[in-house]
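Look for chain A in each of the two complexes below; its partner is chain B in the first and chain C in the second.
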Partner chain A sequence: MKSLNELEEIRKRALESVNLRKDREGTRVVVGMGTCGIAAGARPVLLAFLEEIKKRNIQDVTVTQTGCIGVCRLEPMVEVYRPGEEKVTYIKMTPDKVKRIIAEHIVNGRSVTEYTIGAEEK
Partner chain B sequence: MEFYRAHVLVCGGTGCTSSGSTDIIDKFNDELQKHGLQNEIMVVRTGCFGLCEVGPIVIVYPEGAFYSRVEIGDVPEIVSEHLVKGRIVTRLLYHDSITEEETIKSLDEVGFYKKQMRLALRNCGVIDPENIDEYIAFDGYKALGKALTEMTPDQVIDTIKESGLRGRGGAGFPAGLKWEFTRNAVGDKKYVCCNADEGDPGAFMDRSILEGDPHSVLEAMTIAGYAVGADQGYIYVRAEYPIAVKRLTIAIAQARQYGLLGKNIFDSGFNFDIELRLGAGAFVCGEETALMASIEGRRGEPRPRPPFPAVKGVFSKPTLLNNVETYANIPQIILNGPEWFRTIGTEKSKGTKVFALGGKINNTGLVEVPMGTTLREIIYEIGGGIPGGKEFKAAQTGGPSGGCIPAQHLDTPIDYDSLTQIGSMMGSGGLIVMDEDNCMVDIARFFLDFTVDESCGKCPPCRIGTRRMLELLDKIVSGKGEEGDIEKLELLAKNIKASALCGLGQTAPNPVLSTIRYFRDEYEAHIKEKRCPAGVCQALLRYIIVAELCKGCGLCAKHCPVEAISGERRKPYTIDTDKCIKCGLCMEKCPFNAIIKK
Partner chain C sequence: MEDLSLYILDIAQNSISASATVIEIFVIEDEEKDKLVLTIRDNGKGMDPKTVERVTDPFYTTRTTRKVGLGLSLLDAAAKACGGSVVVDSQLGVGTEVRAEFGYRSIDRPPLGKMDDTIATLVACNPMVDFVYTHNTSRGTFKFDTRDVRQKIEDLPIEHPDIINWIGCYIREGLNVICGGGNT
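Moving on to the complex of A and B:
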């Protein structure tokens, strides 16, 4: 160890792996993983989120699952909670949609309206 | 680096390890593999979470679900329900971690943790102690970097002095002063030692820190080495702590690999290395001069002081000795500043103290509270009260060197000085709770028996004096106590305290003195009435049949091995106390609970 900077490099790298155990204030992505969700393909959606987050090295995002969100015909469903904002619910999710949600909503804070539950109901 | 969406933290402290947490970790890994989740979910073995009573403990993040008493058979369910489907397995959650709406409380909301403040234990149960990167992620080794690159040794010492930190190993000597003495001592070589002997019965504070956060001690010792001008450190740890020894060994190797131990650390020209010395587990080896003799490979016997270790310690060189918990506070003080530390605690006792909570208490375990917390808060809020709704009688602090605190002092803010004032002491942090079913004479006897056993025999007051005291106590608990015995105990105690060579002998009479001070009536009941009010001392017990409750079934008489019970069917039976050998069989057998012991 030669300097504080070198230590800081290690710290930054290591922080990613323990961040989950610190205060959870960042964005939360919740994937519906009830029986219907899994049958409708929720698992590939979940994996796509993990893959994208890893690829883009995004900090402060947690990905969790929940049971059936309740509207089985719209599964797979995903809810995105950003601190201080209304929850956004995406429906009929696919791995392709995940990329856009990450890029536009998670990173830039603009939800992808056409994928949301609101768009479907209109 | 993989992005893990969930972390499964499994406690790898001694408590949970002995209740099977290693197998649980293996099972988690198997099950995750089975579901193809091994790249999404990480399993981490941590140090003690403090609630050993309800171990093995598993915490799943990001939800922070706190599972207690997890058995190997529960693992597949946690994986398939919680980790695959996101449905928390409510039945396994620690009872106090769920709100009325069945949602999970955050850990600081749980009764056990709410009043706690974890400084020395900050990483225990949070990081993987066998992975230096996780320690660094939580600001580990930053204090060392700061000290070596931005501070002079004198500034480091001033910081510790200003913080008000006092030694956590028992006596509460100001740490900064000790560092200064060692720095100012003249010597071509100096040493920094860590006392991890922890010999008090029931204590496991230091063990838990070493198991859960070994790097914090290494970092602090290195800072101390820089401050006092030493290049070699020794950790004296008992061989009976295999998990602690293993984690320390791993931690030292990792620190060396990163150049955080060794030559020219942080390019400052400062060299420091640490070695372990294993102790055989004699209580007296925790005493500083005995400990140093043992490090040198000599017999662990105390010698008179002065000279103090700061002047003449290991291999006759100036030596700094601090306790594990004392060290664990150092990095935080360097990083956050002495002013921050001074805001915690009482006027003369700054910071926090770790206690091993045991005895008659619902949440047995490891707790850390700010100095000045009252015993009532520790016992009733953090400890969850006394099982079975029993009455609090006293708490014993300071182990075999300490004393008991009776109910009238439940609201005393705990710090070094208040405890001494009420006749106990902080000691290293054992805290044993006693209820109405504990006999205070018996408790005093238990601790004295321990010290008699552990006396190294070098000085007569301790070797012979404590034995005489034990004999008197034996006499009292076996119903042969005489008028004047209490006074004899007091006189012996006074003389031993004044003349014993080391702290072991000097403090050995304390448990006896403090129980006499607060529970003299109990001693008198044993001596004058040949009665043990708590119903503990076997020799003073009497088994009696309550005539009003006895239905005359005769079962007791049938089971009595010495035919001490007689009577007529359907009429109350009686016990001949002269014949009774107090085996208690009759009481167990009576279907109507008509037999009591008194």
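Moving on to the complex of A and C:
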């Protein structure tokens, strides 16, 4: 059975790596969590990002939410902001797509063009 | 929406938009009275009586980008479909309480869904907000409070992936005990 006391152990382990990144500007992943996004499946997408970040122990990425991004029919949508680069908007997201975006875009810096809003509109 | 936990996630967004700092979520499963009650209570900025009156109307919204607001309207429709209702109580400057009642055994009632995912998502995205989640069944009560977590992790941010993961597991385990492992 899980107990709150485990948190002290997790804290000790986590803090060793957290301290290193305090003032570095990192990548921001923003998930659309309006009614449209939630109904379309934004929750598993957001949790997949967190899971993948945890698994790979990536340090300088934050995952946050926003309201309706404005194109409800393309939800779930995710925006990725990397410092010094233009925002990339991914559409019709799934947990499977998340794995590729983490590997190719977040880690290696190349956006996954075929998942972007630009590809849809062609 | 596929299940009630997604409605809760959606309604809690309203509390966040209303600048709440504490959001309490109650789930009461009362099989004897054939009722499932969801309550989302916040200490946000609240609404005036006129706004409260129109809040389940899909063609009413305070947002300026578009003319429809579906969150509470969808919840209201879901509750009514299984013999229940939604009551919204609000006071300007004090907060808002949304209470949705569903017929527990109604064939049209959506399943509860993954409350662990809903709470983990809310905490991950809103680290400045405190969440209190209380779940009641005939087998007992489960309670989770982010303030207890904060006390243990001190200076570590609560949105740290390891903590969010722990929160999800903790809630899943707690619910397994009071829900008997079945999916309500």
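Definition applied: the second predicted complex is superposed on the first by the 98 of 122 C-alpha atoms of A that agree within 3 Å, B and C clash if a C-alpha of one lies under 4 Å from a C-alpha of the other, contacts with A are read in each partner's own complex, and residues count from 1 in each chain.
Simple rule for what comes next: a contact is a pair of C-beta atoms (placed from the backbone, for glycine too) under 8 Å apart; a residue touches a chain by one contact, two chains touch by 3 or more.
Worth saying up front: this structure is predicted, and the values here are computed from it rather than measured.
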First (chain B), second (chain C), both or neither: which does A:Gly109 touch?
-> neither
First (chain B), second (chain C), both or neither touched by A:Pro83 | neither
Check the residue A:Ala14 against both partner chains and state whether it touches chain B (first), chain C (second), both, or neither.
-> both
Where does A:Gly118 make contact in the superposed view: on chain B (first), on chain C (second), on both, or on neither?
-> neither
Determine, under the contact definition given at the top, whether A:Gly67 touches first (chain B), second (chain C), both, or neither.
-> both
Does chain B (first) or chain C (second) touch A:Ala39, or do both, or does neither?
-> second
So the chain A residues that chain B and chain C both touch are 1-2, 4, 7, 10-11, 13-15, 18, 31, 33-34, 38, 46-47, 50, 53-54, 62-65, 67
The answer for chain C against chain A in the complex is residues 1, 6, 9-10, 13, 17, 63, 65-66, 70-71, 74, 117-118, 120-121, 124-126, 148-149, 152-157, 159-166, 168-170, 173-174
Per the touch rule above, chain B residues touching chain A in the complex are 1-7, 9, 40, 42, 61-64, 84-87, 126-127, 133-134, 136-139, 141-142, 145-146, 149, 258-260, 265-267
Hey, which residues of chain A end up touching chain B in the complex?
-> 1-4, 7, 10-11, 13-18, 20-21, 24, 28, 30-31, 33-34, 38, 46-47, 50, 53-54, 62-67
Interfacial residue positions of chain A with respect to chain C in the complex = 1-2, 4-8, 10-11, 13-15, 18, 31, 33-36, 38-39, 43-44, 46-47, 50-51, 53-54, 62-65, 67-68, 70
